[in-house]
């Protein structure tokens, strides 16, 4: 199995609801350093997993909608805690959609699975991984 | 699959028995920077894999018994080489026990597997991973 | 010259005023990983620059007032942009005060200068450094 | 499952053929920081996955043939794009051969799978992983 | 003293002349991860050392002329060994020129000194630092 | 001012005397990841600060006497606490001696100052820096 991974980041404000979060129930924020790993069993004719330039652009586009936002005010997240693990899945879904739309080109369509990791500090990170959904 | 990971460290003395260890047969020591990754298929109602505060405390407690010790004098390790990979399993077992005791709360009981990584330097690390044992 | 450095972090929300900040004028946030370097010309009788345990506690205390806050609502920062470089000086001032109060013990009082670095992402950081002010 | 990982690096020149590579079609180069993870289900009698000293030497030997080379002039790579993911497989194959030859000793022969990661910058890496081929 | 630092990278081929370089006399290459630290004594009215967005763009522009090049073929470097320390000064000079041209805006003109660090691997880096030259 | 830095590591056991050390008074150990920065105002005729190959060998030799040792049993350290900051000076002194002996070659003799940093964990490091003593 081959992998290629690209890194970028975004910076947001948010707050959590639930006693489990303690002081993180207050409005605060985070820098998330994001790694997106693209996996497939074989390389394409160019010898790559995915066009790394397009992969980086697709990640930047996916994060641009989140970057410099207060996530408490994003309608799509209403009623949800935008935890690091939840946001890892959000980025996963957006990257899977980008692949489906062809934003990563022909090689991107052969990507079998993704792993998205969000580093929230030097001592904590969260991830979401799974197969790339295929349209029927 | 979702993951959450927390990091801490401990500092120990030890020595190894066996020609394969060369100069590491002499009394020496190590700093181990420890990553514990908690994995489960779904998030709980709060949107988390595990209470990260409790996870960090459980890891701190697990490492406290090892920290600032000469492992050659710990009865539980008598006759064993406390290699990095062996210690990764020791930390795994302690974290699994903490989950079983409920130290990580209700969300912690839903953790399906763990990966424990011990970084011994900037050029070497070891890990142990597996499912969290369930009581019968 | 000897140095000892300890690391911790805090997570905040804020926004900036001024065209230079572009989209960072919107409410957003950051994780700041903080390094505080303590410098002095000689070691004390115990062979240390500063009691590293107390240094870590003093840093934790200094950051606790900022952690999990919306800095736009902190009275002390009214009318100021809480940029990374500005916050580096804030942490510097608090650590200098802690030294002055004796929170770092007798060895701490011999610290001559500090350098405080705030990492805001994997590609950007800011710092403030200078001598520790002495009371007259 | 246990893992042990060792790190080393190599520095090469190369160029790529194919429009997808844009300016990377020009002669350029890279530093690759290489992590090789060795995996097996059980530890040997010494309590190790593999002799870490021998593992490091085998990796150094595998990289020595590539280090300080223009890969465009290496006959074995003629007609291939020496992308990061391709080179991850090259290092994988060489480490698997080293295991097969017994370069990692008896414990090395029990290694079940390998994961080879090549970091090409602070924002991109590639990997190849799979079972260690067994001779019939 | 305040500092702000931004990071980027470039990938080049080159070779060295001189016995001291051993196998690095052969055509090879490197990834250089570049940190540029901007220093000044006071913050501007916006509370910044320099417009970090412009700083990043100026660095990208400075590296673009080097990126994906064989430095042995760059006329400006004829007869010079493009060592890591030499290239640190090259990037320093280009950033100082960008400041002089006003590419970093008004706040950039107040930058007093720069430190440019080029990381060539996980075990080696080089730097050049000094005051920003002022036009007479 | 130019700098070149090389990294290596060593692993030791030790204990401390003095109430300030708390549980670190017990026999324990550490991995120290060591950075040695060599500084000089000008490059030599080859375009380097120092022969990086020789610098790495000199560092390896300096650390070899400490590596895999119980520092409590090293005669030279009798009655001293081998703290991280103390050991930074020990490595500094050994590197300065290596320069004085000519182990780093002719270019090494032009090194003006050194900074030695010992990373003891992901959250703490210590350093010693100063001019390279010149023989009279």
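Chains here go by letter, A, B, C, D, E and F, matching the order in which they are written, and residues are numbered from 1 within each.
What we mean here is this: a residue touches a chain if its C-beta (ideal position, glycine included) is under 8 Å from a C-beta of that chain, and two chains touch if they have at least 3 such contacts.
Fair warning: this is a prediction, and the values are worked out from it, not measured in the lab.
Colleague: Using the touch definition up top, find the fewest steps from chain B to chain C.
Modeller: 2
Colleague: For the pairs C-F and B-F, output the one whose chains share more C-beta pairs in contact.
Modeller: B-F is joined by more C-beta pairs in contact.
Colleague: From chain D, which chain is the farthest off, judged by mean CA positions?
Modeller: C
Colleague: Which one, B-F, D-E or C-E, has the same contacts as E-F for more than half of its contact pairs?
Modeller: C-E
Colleague: Taking each chain's centre as the mean of its CA atoms, how far is chain A from chain C in angstrom?
Modeller: Taking the mean C-alpha position of each chain, the two centres sit 31 Å apart.
Colleague: Calculate how many whole Å lie between the centre of chain B and the centre of chain D, each centre taken as the average of the chain's C-alpha atoms.
Modeller: Spacing between the chain centres: roughly 27 Å.
Colleague: Among all residues of chain F, which ones touch two or more of the remaining chains?
Modeller: 7, 122-123
Colleague: Considering the complex alone, what residue numbers of chain B touch chain A?
Modeller: Interface residues on the chain B side: 1-8, 43, 46-49, 51-53, 56, 105, 107.
Colleague: Across the complex, what residues on chain C touch chain E?
Modeller: 16, 18, 20-22, 80-86, 88-89, 117, 122-130
Colleague: Once bound in the complex, which stretches of chain C touch chain A?
Modeller: Checking each residue of chain C against chain A gives 7, 9, 11-14, 23-24, 26-33, 67-70, 120-123.
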